[in-house]
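To start, the structure under review is shown below, and the notes come after it.
Letters A, B and C mark the chains in the order given here, with residues in each chain numbered from 1 onward.
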Amino acid sequence: MTTTAENRAEVSAALADSAMALPRLRIDYQPLLIIPLLALLAMPLVGSFPTWVTLTVAGLAMGMMIFIMASGLTLIFGLMDVLNFGHGAFVSVGAFTATLVLLPMKNWVQADSVLLNLSALGLAVLLAMLVTGVLGWAFERIIIRPVYGLHLKQILITMGGMIVAEQMINVIWGAEQIPLPLPETFRGVFVFGDSAVEKYRLIAVGIGLAVFIAMFLVLNRTKIGLLIRAGVENREMVEALGYRIRRLFVGVFVAGSALAGLGGVLWGLYKETLTAAIGGEITVLVFIVIIIGGLGSVGGCFIGAILVALVANYAGFLAPKVALVSDILVMVAVLLWRPQGLYAVAKR
Amino acid sequence: MMLNKLLSGDFPRSRILAGLLLAIFLGLALAPFIASGARPLNVAATICVFIVLVASYDLLLGYTGIVSFAHTMFYGIGAYGVGLALNGMTPGWGAVSIGLACALTLSLLLALVIGLFSLRVKAIFFAMITLAVASAFAVLASQLSEFTGGEDGRSFKVPEILQPGFRLIDAEIFGRAVDGKVITYYLVFFSALALFLGMLRIVNSPFGRVLQSIRENDFRAEALGYRTVIYRTLGNCLAALVATLAGALMALWLRYVGPKTFLSFEVMTDILLIVVIGGMGTLYGAVIGATLFILAQNYLQTLMGQASEMLSDVPFLAQLLHPDRWLLWLGVLFILSVYFFPIGIVGKLRAGVRRKS
Amino acid sequence: MSEILLRLSAVHTHIGQYHILQGVDLIVPKGGLTVLLGRNGAGKTTTLRTIMGLWHASQGTLSFAGNDITRWPTPDIASAGVAYVPENMGIFSDLTVRENLLLAARAGELDAARLDWIFGLFPALRKFWNQPAGTLSGGQKQMVAIARAIAEPRKLLLVDEPTKGLAPAIVHSLITAFRELKTTDTSILLVEQNFNFVKSLGDTVAVMDDGRIVHAGAMDQLADDTALQQRLLGLSLTAHE
């Protein structure tokens, strides 16, 4: 290499150019537009504004509940590469555990006091999340740990786990349907002008947003969140930086299961009657949502859940027969546009 | 020798296994005359159909290495094809042929689409997507009630020779009237036998060996010049077609189609359980597994019922053993088999031979 | 004779059925820069991964700073003071440059003085501090990877082909960075194919072929002996100018 003054200047300039070149800042904004565009598109199709409001809120509420149930699963898959086909079991267990609080506490539930109602709900949610969290810990230890990395076995074993869990619910709670009554102040509607909006749906939207914001903050502002996001991309490198990421796995699995339990309580109250299959029925929908969102992306899961729920509600009004398979159609459409989901996580 | 050709060189390779297979074969061949009554014959026919259905799934999972949950869809298509044709047209072999032809065509098309779609997505995606597709199909079948009979399904008349009222000969053989039911049974039996032997031929052919090499390491197979896409898709299509035929046979036997019997997730879990317990990638595993499973499903539940009654003072135990909780024990068995019987019964029997020699 | 920091004795590594490392004896002395040379497929990356515990040796022993790390899990090896810059850089694309470096700070925050020193080595980092690392160019990513590895003091730095596919100007800045690193307490094991890049940097050199070390010694000795270079590396120095 020559070292004349000229050459040195050339090298420095080139260095400065290439090293200092600012990368083009790209925020992937397209998926963010889907929900607003869809809602706007639906308005002329639905025709009446009040109906549109009802449908949209219903869709948002359902979407939030699905998001809560699905968010845990997408993180578990993204971080641990574990396919838990039994995730629905935690939804069912959460819903049934809520009956242990809400059914005995009739006076709080039937009282016409928002405070008492919220407290009863709060207690039910706490117990449900505790039970599903512990169940998740046991599930990870006993069922999942022996089959890390073996996808086929994971699929089979977690499906088996789901069947066993459903049947155990039948053993413990009996095989008949159990009604889960909505607390008194959550019933009924708020009236805004011409539109009627169910109170419970607004509560669900509120809780869903709170969960999303909490997850966003944890993932983006804490060290653990940093580790999770890095681990979803490249587990090995995180270990090479000195972190025992396997310990994190258990934590994420427990958190994901507890979230499913929370979702189960909300979903159970939404449906108002419980059967052991309530989690199994929702499994396919949860899978569809996390595929749409991109395996490992919480943001994608959020958009996907609301998208699917809105489409189901709009279609239910506009073309009921289509509504039944609308979730699959949405999935196919999204995958044709982005084969890895809305926000594919950049894998190693 | 002839047995070699018949089994395409794929011998049981274990005396116990061979003995079991022979016993099952004889039992199924002579079923109408071994026991009397409708139930044992129904069990036998179900075993025949499930052997074929599970073997076709083994072709997909055990030999090609593809995890799909859409298999019941093809089973259902076969059943509904034949069933709806016999329902809508005059019951006769013409209707059967048309229904079967339509079903096979539809299955082939769907299998092609699904197979090619699997290229764009990873294996995990693919499994989840097949689950979604299968459930959508089940929903469609139960919702398009005018066409499919909805949740309740449809009963229909079968061709005359297969009808229960039809008598081939007036005499009785071993106490069994040789009626349409028996004829239908032998139709099912011989078709199942032919299909099974056909599958043995396929997996032991050069084509089958390529499938297995793709399952082991598809990069290497690709490097050796095999277009894995084509082989995988063909494997998909073959498995789907056989499943369709199995569905058609079952529909002819039951003289009924309905979403719960043919398209439900329970059927898919049954198939998975049988293929895992029997032994993946062996085809004979389907025979052993299906026999064990169907026998247990029918007769174990009775046992459970009796045990539950005996324990009626201990409510929790009584609940655990309640015959409706059959699935609970299935699930436990399922989990245990995946851990402790990863090679299945057939694998264990064959391994025993190898250790001795 | 300087102290030995890392020693591999008769190390074999199998990946599935492939026998990649076939008895590697390697010594990395404390302080200075050791270069591991060899053509593609010789087993250099496998050696680094085995040291890092990402793949486990099927035979032989590895010892680092007095500890037998043969069976240690990767996080423990990292905690013992080994940093790894893999061939694909291992950058977390969805995380910002700042977050990438933050991961290296196991105590929680990055030391300000140390960070200033790193900015001195790679001034560009200051500019992209809050950009997602995935949007950077190859050279910029390499800087982030190395910066992350040295964000906290380490005993040993494993670097795998840092100059691969990079423009000469960036390579130049890397040379400067490594020269500065050598003045610190950190020992470096550098895997490279570009002999030109390393001949002025390396103190000791080991050459690998077919999963074994076929030559080990001082860099000066190899740099002066073109015939030896031809034999070991199949190239002459002038070809790379």
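Things worth noting here:
Quick note on the criterion: a contact is a pair of C-beta atoms (placed from the backbone, for glycine too) under 8 Å apart; a residue touches a chain by one contact, two chains touch by 3 or more.
This structure is a prediction, so every number in the text was calculated from the model and none was measured.
If each chain is drawn as a node and touching chains are joined, the picture is a simple open line. With centres defined by CA atoms alone, the chain at the far end from chain C is B.
Per-chain Cα centroids separate chain B from chain C by 56 Å. As a whole-number value, the distance joining the C-alpha centres of chain A and chain B reads 36 Å.
Our note on geometry: chain A versus chain C, Cα centroid distance of 41 Å, whole angstroms.
Only residues 67, 120-121, 123-125, 127-129, 131-133, 135-136, 139-140, 143, 265, 269, 272, 276, 316, 319-320, 322, 324-325, 327-328, 330-332, 334-335, 338-339, 342 of chain B touch chain A when the two sit together in their complex. Chain contact summary for the complex, chain A toward chain B: residues 77, 83, 143, 146-147, 151-153, 155-157, 159-164, 166-168, 170-171, 175, 280, 284, 287-288, 291, 295, 321, 324-325, 327-328, 331, 335, 339. Looking at the complex, you find that chain A touches chain C at residues 1, 11, 14-15, 18-26, 223, 226-227, 229-230, 233-234, 236-245, 345-346, 348. Those residues of chain C lying in contact with chain A across their complex are 52, 54, 73-75, 78-79, 84, 86, 88, 90, 92-95, 99, 102-104, 106, 108, 122-124, 127-128, 131, 134-137, 139-140, 143, 148, 167, 169-170, 172-173, 241.
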